Amino acid sequence: MLSLIVFLPIIAGLIILAVPASQKQIIRIVSLLAAIAQGVIAVLIWRHYDPTMAGIIASPGGSPVGSFQLIERIPWISLNLGSFGPMTIEYFIGVDGISITMVLLTALISIIGVLSSWTIQKQVKGYFILFNLLSTAMMGCFVALDFFLFYVFWEIMLLPMYFLIGIWGGPNREYAAIKFFLYTLFGSVFMLLVMIGLYFSVVDPVTGHHTFSLVAMASQENYLKGAILGPDSTMWRTIAFIVLFIGFAIKVPMFPFHTWLPDAHVEAPTPISVILAGVLLKLGTYGMMRINFPLFPEVYHAGLYVIGVFGAINIIYGAFCALAQQDLKKMVAYSSISHMGYVLLGLAAANSEGMLGALYQMFNHGTITAMLFLLVGVIYDRAHTRAIDKFGGLASYMPVYAGLVTVAWFASLGLPGLSGFISEAFVFVGAFTSTTTRPIAMVSVLGIVFGAAYLLWSLQRMFLGKRRPDAAYDLEKDAEGHEHIHFHDWNGKLDLDARELTMLVPLAVIVIALGIYPMPIMGMLTASINKLVTVLAPVAISAVN
Amino acid sequence: MMHSLIQLSIVVLLLPLLSFVVLIFFNRRLPRMGDFVGVGMLGTAFAISAYIFWTVIVQHYDPAYRIAWNFTWLDLGNVPGVGPLQVKMGIVIDNLTAIMLAMVTLISLLVHLYSTGYMAGDKNYGRFFAYLGIFTFSMLGIVLSDTLLSIYIFWELVGLSSYLLIGFYFEKDSAADAQKKAFLTNRVGDIGMWLGILILYSQFHTFGYQEIFQNIAAGKFNLSNGWLTAAGILLFFGCVGKSAQFPLHIWLPDAMEGPTPVSALIHAATMVAAGVYFVGRIFVILTPDALHYIAFIGAATAFMSATIAITQHDIKRVLAYSTVSQLGYMVMGLGVGAYSAALFHLLTHAFFKACLFLGSGAIIHAMHHEQDMRWMGGLRKNMPWTFATFSIATLALAGLPLTSGFMSKDAILAAALGFANVEGGGVFYLIPVLGFASALMTAFYMGRQVWLVFFGESRTHLKPAEAHHDEHGHDDAHGHDDHGHDDHGAHHGVHEVGWIMRAPLVVLATLSVFIVFSPDPLDGAKGWFMHLVPTPSTVVKSAEAPKTAALAATGGILLAEASNDAEHATVSATPAAAPEHGAAAEAHGPVFSDPRQAELAHAAHANHFTAIYLSSGMVAFGIGLALVVYAFGAIDPEKTAQAIRPLYLYSFNKWYWDEIYDATVIRGSMLIARALAWFDTNIVDGIVNGVATTFRKFAFLNAGFDKYVVDGAVNFTAFFVQTSGAVMRKIQTGKVQTYLVMVMVAVLGYFAVYLVQLMK
Amino acid sequence: MNQLTLAIIFYVFAALTVLSAAFVVFSKNIIYSAFSLLFTFFGVAALYVFLSADFIAVTQVVVYVGGILVLLLFGVMFTNTIMQAELKTDVLHVVPGTLLLILMIAGMLYTFYTTGDWMPGEAQLQGSVVQRIGFETMSHFMLPFEMASIVLLVALLGAAFLARFDKAHKNEH
Amino acid sequence: MEMFTTIGLNHFLTISAILFSLGMFAVMTRKNAIVILMGVELILNAANINFLTFSKYNGGMAGVMFSMFVIVLAAAEAAVALAIVINIFKTFKTVDVSRVDTMKE
């Protein structure tokens, strides 16, 4: 089941490989069908998921795979290294509460991404092959329970992203693509070192051999005393935690490693922005929750304050930078930085409320930001500009678009009744409850105001008031004196067309529904989150050491 | 089973939401743009609310009446360190809720009705009703909420609906600015409120009022008392934002950019009162320090906005500042411990202020969107109904005896006097002094307004031409048909508004008369409201109060709400005040175990008549002054203004608050934003690019070695072959003769060799 | 005729031959070259007479002057517009050519004059050898003679084939 | 003085050498194909002179016979060569051999 959902896009990619490049429609439909099938499987998995099983860690004395679900575990690469003993890399995948939500999000965003890619005209075949490869890699990252497998998927993800930005992007695409690529590669190189270090420090309690299994690594009793990352090697464990954290923080992206994001977003085509903001950023925080924190809980605990401070910097700094932007897409990109700051703050809280808020924020940010980028793409398609000051008064002429923008914008600023509020609220609740992060939370609430400020200001400049003199569209009066607007080089429907509505309305419905009753997603999370918090608690750590 | 009243209240809550959903999607497909949907839903909601009011207030007539119901909204599972944790939402119905429910639905219904006349012909007519629907829904949510989280949710939703309604004429830049300003200012307040909620949650892991109150009463608040004061003040900050208290009052006057019915409903009667209502809800956890703070803020607001209202020309702006001023009264009342009086004032104010706004709306409507009082006058004859209702409401606002406003305002002033006495004078006397000064000014500016609008002769013709022009543009923006201004000199075109707009005025004016609330025109405490909504006993331990007494005091108000059963509603008839002191309660209000509260109540009662005399005197003086200035012309307002020009300008420019905020907060924020954006592009990204450049430079160096030394050897071979080939190629001209020359050279060469051999 | 008279006649013809040959080579005008070649051929024929080969001399005149030279002149006229003011021929490799020319002459003369002993001097041909040519042709040189005739035939056919009008062009008529 | 007055083998060889060299020079330097042919004729004549000279001073008939064959071949050569030249002219519209270098490319 899980393998199917991971490799479906690749199968679609292979089919596309056999389709002649001129058959663009077939290529698109094959991709769409694969994405929809992925979505259906994701929903089936979600329905059959047992939310009472926690996952995270091998249950002591119980099954070595812990309370994960939908496990698939077969040896993948086996080498006999002589004096080092046998080296086994497993194809080991499974889901717990943390990953199931991300799998759902990935499937959802993939469908949206394919639909949004309908307008891509340049080298359609190559585009969709890369797109499907990316989809597989993302899904694989979220279900991998073997560190090596995770690393493989993590690296596979880079390649299509590089080409998708570098070929199908805007005018400055090469710069953005190479920046993204180098930044992420920089992070993952250290990840590789830490991974190898961990391999030689951890022993699978069942086989007695070294292992890459994340489940085994998450239990501190599996670490060898005297090994490089063993329980008594404080210095190396600290260093390993920090470099691993930086590797994931680049993906989040956390200040000061965030500068690739605005460039990548501005240059990337709309569907890639959607994928990038909707799913890829989540991999950073997911990696922290799955790998970074459970493997080094004592370092995590020592660093809570620092993580929280970086979260607060992200929130406020991102909001301020967004306030100063003239480019709508850049503003949305900085808003992503700000919103991912909430996730970091929630993770720094180290309690159930904060963690829950962080994870729920990851899901909500995925849907809301996807909406934001799609809406930016809509106006960019029509006006060929994203300058906020080049509009004005659009609400009168494009009421449906304005309505959906209002929903998305207000969701982004955390209006109650929309999903973004609940996650932000829980992050603050958690961060305030934890005495460590309480002062940080008190400062971070300023982000609520500045978030509202930049969003409302852009909303006003683009949609309210009257048409600006230098606007990117013409104003025409028909015979009856009604005013209409007209975009240059745009012959499609002025307001949203059917395809755009197909993408945006389901997202809006999800955002509203999860804002009113979040349990369908939150219910998946609670057991795993509570378990994670227990595993990370200082009591549990000291008991082992 | 769910109590039937709870079920009904849920229906009341959801009806306006239904109206919103139907109208926002289908308003263009429905006949009359669906206004009947909005009116019908609100009518039904009001009918149900009236039933609830009847049941709770009239039938039970019990100060301690309270039913509650809650459900688990979120289940967080077995949270480490806390145990099983659920986030609950709930509905509470007590006397205050029942009264507010009826008040909100009534005014909302009246505004709906009124709007069918006032907004007729607007191109977004249907959308207007949709927005009114979501506003009413959110407001009812605030009223019914039983947890801090749900009140915060509805709190923000009211902010949203206020945003949408202020910006209803969003083509106007001023409206777009005003809506943004309102939302952001409210958000600043909301931050404080949210932090307050967080302080309480971090201690008790619950959002429920009752659980928090019980926990505080039980002394489970583990942080220092300063934190509790901070929590109270921070929660009050929500009220500062929503109820437009100093220093966040700046948004409310600008909010008058919205259509006038909206001003009446949201920015006078209901939403802005939500702040006061909320402070009332959390009244019991406010520490004395927090209450002092609240009292001073309220008094300052009341005074400041009264001074501003005196000099304004815009009819709605005067009313807006008067609203701020009255809200300041209410907040001051809460601050001085006069819980009942403050909420009583909330109720009476809602009716007469809604009446005033709707009346001003009628005037504006009749005057073709003329809002400046300087160009009005003499409307008494043209609009008798409006004149009558407006006058009654004005008297109520000014606080003249026989009106509802007199009773509530007097109770607050009496409590303020008593508070100053109890606290030992000094700086605390500032509060009643500011209160009475505001009362005087209120009487003056309302007298001025009534006189300028309704008496004297029409001054339409005095209006400067360019101002006319501006108003034309204004009209266009409103989307109304432009009637033109050809009626110079007399109000030919001014007629009384239709019955659909007149009826709400009459209803509201009726509700501004004393008899509705109390049989004794001089003492509101004898009325049903102050009986049914008694001041609750605080759960905060006063320093001097013995612990046991405080615990005992909490017993009454805090109901047995420990049960977490989601479906179980508890009905309790335990009275707030100890029933055994029933007779005393009749005479002096509730009996408090907390000595400070008891003392305050007693002092308020003692100062009752002092306050009556003083405030009546103030009001009479104020109205008299207005008559002297405007009716008899004994004092020329223009000359007076010139004489005290700095003061006049200070007041006219609203104490320059907008300018101050613009210069500090807004510019500061933008400056920081630009600086950080610069920092981001140039420093952070610059470092990144610098690192990249350094690596590239190094790479070039490395590549140079590789290129010139390592690769050079390889390339040289290729180069040699290529060059020699190129040279050889030159020889191959393709011309036979060239080859012949070479052959001959060779032959001669051999020949020479032969000759040399020969010579040897 | 004494020795000196013979020598003077020899030198006259030798000069005629060499100078006209030089003119053939150095003249820029092809027509001049062709006519100058006539004198060269006559000069050479005269030299043949000195060498007791009067039959060859006559053949030389008949074949070269009457055949080859006329052929060359036709060639000149076919390949150049005769009305053109100057029928010039360009040169290339002048410098190496001149050097080679001088070196060759110098080399050969050096060789000839330093090699003195290749003249037996005893049995010289005297008088006419026409009769002997006839005998030799029919005896020793029978086969080469026949072959020469075949070569001539083939060459004539081949030349005619090469120089004829275009086949396709012809078929159109 | 005797060397000049008594005509001997070397005199004829000298003329032959000069004629040969001049012919060679023409072949090497002239661009016009017909002039080249003239050069070739000069070379052949020089050869004939050599044949006849050695034949006279050796007393054999071989030189005489060969010179006759040479004349025959020269006639054949001239015919064929001129035919080729005319073909070249037809193809390239020139008899400039330096322009007939299509094999170079």
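Labels for the chains are A, B, C and D, by order of writing; each one numbers its residues from 1.
To be clear about the criterion, a residue touches a chain if its C-beta (ideal position, glycine included) is under 8 Å from a C-beta of that chain, and two chains touch if they have at least 3 such contacts.
Computed from a prediction, not measured in an experiment: that's the story for all the values here.
Visitor: Could you let me know which interface, C-D or A-B, is made of more C-beta pairs in contact?
Guide: If we tally the C-beta pairs in contact for A-B and C-D, the bigger total goes to C-D.
Visitor: State which chain is most central when centres are taken as means of Cα atoms.
Guide: The most central chain here turns out to be A.
Visitor: With centres defined as the mean C-alpha position, give me the chain A-chain B separation in Å.
Guide: 35
Visitor: Return the distance between the CA-based centres of chain C and chain D, expressed in whole Å.
Guide: Going by mean C-alpha positions, chain C sits 6 Å from chain D.
Visitor: What whole-number Å value describes the gap between the mean CA coordinates of chain B and chain C?
Guide: Centre separation, chain B to chain C: 124 Å.
Visitor: If you average the Cα atoms of chain B and of chain D to get two centres, how far apart are those centres in Å?
Guide: A distance of 119 Å separates the two centres.
Visitor: Give the residues of chain B that touch two or more other chains, as numbers and ranges in rising order.
Guide: Residue numbers touching two or more other chains: 735, 737, 741, 744.
Visitor: If I count partner chains per residue in chain A, which residues reach a count of at least 2?
Guide: Chain A, residues with two or more chain partners: not present.
Visitor: Identify all positions of chain C at which a residue touches two or more other chains, and write them in rising order.
Guide: Within chain C, residues 92-93, 96-97, 100, 104 contact more than one other chain.
Visitor: What are all the touching pairs of chains?
Guide: Listed in label order, the chain pairs in contact are A-B, B-C, B-D, C-D.
Visitor: Help me check something: in the complex, which residues belonging to chain C touch chain B?
Guide: Per the touch definition, chain C meets chain B at residues 92-93, 96-97, 100, 103-104, 107, 110-111, 114.
Visitor: In their shared complex, at which residues does chain C touch chain D?
Guide: Those residues of chain C that touch chain D are 3-4, 6-7, 10, 14, 17-18, 21-22, 24-25, 30, 33-34, 37, 40-41, 44, 47-48, 50-53, 56, 59-60, 63-64, 67-68, 71-72, 74-76, 78-80, 89-94, 96-98, 100-101, 104-105, 108-109, 112-113, 118-125, 129, 132-133, 136-137, 140-141, 144, 148, 151-152, 154-156, 158-163, 166.
Visitor: Would you pull the chain D residues touching chain C in the complex into a rising list?
Guide: 4-15, 17-26, 28-35, 37-39, 41-42, 45, 48-49, 52-53, 55-59, 61, 64-65, 67-69, 71-80, 82-87, 89-90, 95-96, 98
Visitor: Would you tell me which residues of chain B are touching chain A in their complex?
Guide: Residue positions touching the partner: 73-82, 85, 149, 152-157, 160, 167, 170-173, 175-177, 179-180, 183-184, 187-188, 190-191, 194-195, 198-199, 201-202, 205, 669-670, 672-674, 676-677, 680, 684-685, 687-688, 692.
Visitor: In the complex formed with chain D, which residues of chain B make contact?
Guide: Within the complex, chain B touches chain D at residues 732-737, 740-741, 744.
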